[in-house]
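A, B and C are the chain letters, set down in written order, and residue numbers restart from 1 in every chain.
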């Protein structure tokens, strides 16, 4: 199993400006294991430490504590030019005084390869990123999207063990972004190189990754496959950061190994699958995805009651906002079947029904 | 109240354009007679007697002018080359690094010749070199060259530093990421990108050295005239249009240098 | 396990510190050659000059290694050689006064002419702007001596100005402009004005004219806009330009020598005199140091006022 580990961070901390009055703890005892041939994403808001972790893996910073391992070997003290790890920078960092081909071949030159070998590999890379006809262009003559591809080719050319990508798509417009997301996925499959991707865009993370690590304030909150992160957030932050969530307090009534009976504020009691260890009578927070809820007008069904305050049409869905007596309205998202909308008069009394199995209990 | 036919321009300040154009005129107007009279066929610097190149010829054939000119150029070349090299190293050592103790002192010392009036430096060097001359008997060119190199350093330093500050460090980081050792990162990335700044610094140093009057005047020994000090000496005696001729040539050199600089800066932008 | 962790923590902190130390050492190494040259041929000699100012003049120029404060005394006072009475050295003081006065006036005139010029260039379209900059830069790179000589040429009795004025019938006799204080003022202004224009231009180029739009939108007059919006924000350029004109003017040597003749001396000429006819090296050294002190005071004054204004405007 450990043979499959590409990169591992063990108890890594990074403190900037230590023992000054501007001390910043960018990473706080972070441990994570990234497998070979995996598309792994570090996801989180700005300042969460994801870029710092990436830079530690690349070798641009030293960890204050802990170790960085590459295929089992501790590389924490190695300078970046001795690590078989390459980076695609956020603003590409292409060498302005060199052509596209020279940029792509730079790493190979530094490794001492012969001119022929370099030319061959550069040619192959140009084909891989579909830029063959721009070989001899100068960097200031190509577009942003093209620069991005060159940066990618440059980092892939030396066949690194791990490719680090620091928010490489953030400067692209939406359409190009979507295209590049597919491209990157394809490249990762074709090359079999471990990709570690950093982004603050949760949709991007969910689309592209094999696994995602959600980070906040220097810590990793949860690691898992996209559907796990989405459907089973452990944490209020994770639930809130990924997609939309409705939060609701509840009280634990009864508890057994796999299920727990909870009472909602309105008095309704339901049974929900839950992890063990929730004390009786304790207050918990529930996380419910808007698309897991339904609007029911039939007052027989067990549902949370409220009055409809808003109906928002979003093309593929309709979003209903229901006031159930809490500070924020409960949001329900319903797919528009046949382009039809179920029109419900605003202000009318509606019920919200949720499949208990989709309710997530958060640990705080 | 009549409405002005000209639309309100937020950038217009009354009288400024007039003053500016007057200023430009005033800057160039005195140069005109200077240049024109260099072609004066007559002896008198006031009376115009027809077009002639005789003064250029006489200046060219004047041994003193020749040797002074050669001396000026040689000193300027040596001083600018050495000063630019030293300034480049100093710029690399004081820019884009993590702050360290003594950094501001170094910066102050490098720029000190700019803060101190030339005459003060000239006198200090006169005294210092006189002491050395007394104890060693050496009267050669080392004094002149070292003095020029010293005051050229800040002039070379400033454009190089400016260029360096404008360079994003991420490029060197990218080079390191791609297996370049610090030395190779410097030679393949930093240096090529720094080159326009180095060239600008070298040219500035060259011109500053070529033009220097005060320090050279105080530091030179007998027979070590540069072109400016020769001209200064001539101004005390009889002034012939030969001075005009030499001035016009030097003016031409300045124009050429400025044109080159302007093209250089256009290119990198 | 914790012992291992402790040592690895220690080694990482020292890794960081070690890398920093290496970087600092490299920086110092890079800067040293320049510093050595500067110390030997620029800063160091200033210290020697300080020593010399406390020595006695030699009989034929140079010095005698004998401590004396006479030179400093002579900077401002005159001791009659016959009756030992002490009086104020009027000649010296009038020269100091002339230098300060002329330098100040030069800076003022350069500002009055130079500010609109910088403004003008900065408000041209980007294409023409380069042309105007080019035109300002050429005099800047032209030998100071040539430019001083050019002024000499035109203000002489048979020079351009007089010829034109006589031809126009404005005057009958040529105006004696050469070898006066005015000549020096004219010369210095002409020589140093590009040094006022360029820094102001640099500040103006970065000026955001939307602020001016906002000011007009809020009922400001042109004058108010100039004084309350533009000037405060281009202050760094104005300060830099003023320093770049005032300091060299104060220590001017060539221009007063060429345009002032032997009668209108400035500090620079007075100093030179001590190393020529005056044969009083210690006095020359003392005068130079006095000039240096005046310049430093002026610099500090300027910088302080720049900082104060910046603070007042809440930067």
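Everything below uses one rule, namely that contacts are C-beta pairs under 8 Å (C-beta built on N, C-alpha and C of every residue); 3 or more make two chains touch, one makes a residue touch a chain.
Values in this document were obtained by computation on a predicted structure and should not be read as measured data.
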Chain-level touch network, classified as line, ring, star, complete or other: complete
Contact-richer chain pair (by C-beta pairs counted) among B-C and A-B: B-C
Whole-Å gap separating chain A and chain C, where each centre is the average of the chain's CA atoms: 59
For chain B paired with chain C, centre-to-centre distance based on mean C-alpha positions, whole Å: 16
Rounded Å distance, chain A centre to chain B centre (Cα mean): 57
Sites on chain B touched by chain C in the complex: 8, 10-17, 19-24, 26-31, 33-34, 37, 45-46, 82, 86-87, 89-90, 92-94, 97-98, 100, 102-103, 106, 109-110, 112-113, 115-128, 130-131, 146-147, 149-151, 153, 157, 207, 210-211, 213-214, 218, 228, 231-232, 235, 243, 247, 250-251, 254-255, 257-259, 261-262, 266
Interface residues, chain B side, partner chain A - complex: 168, 170-171, 173-181, 184-185, 188-189, 192-193
Residues of chain C that touch chain A when the two form their complex: 5, 8-9, 11-13, 15-16, 19
List of chain A residues in touch with chain B within their complex: 58-60, 79-82, 85-87, 89, 91, 93-97, 106-107, 110-111, 154-155, 158
Sites on chain A touched by chain C in the complex: 11, 18, 62-67, 76-77
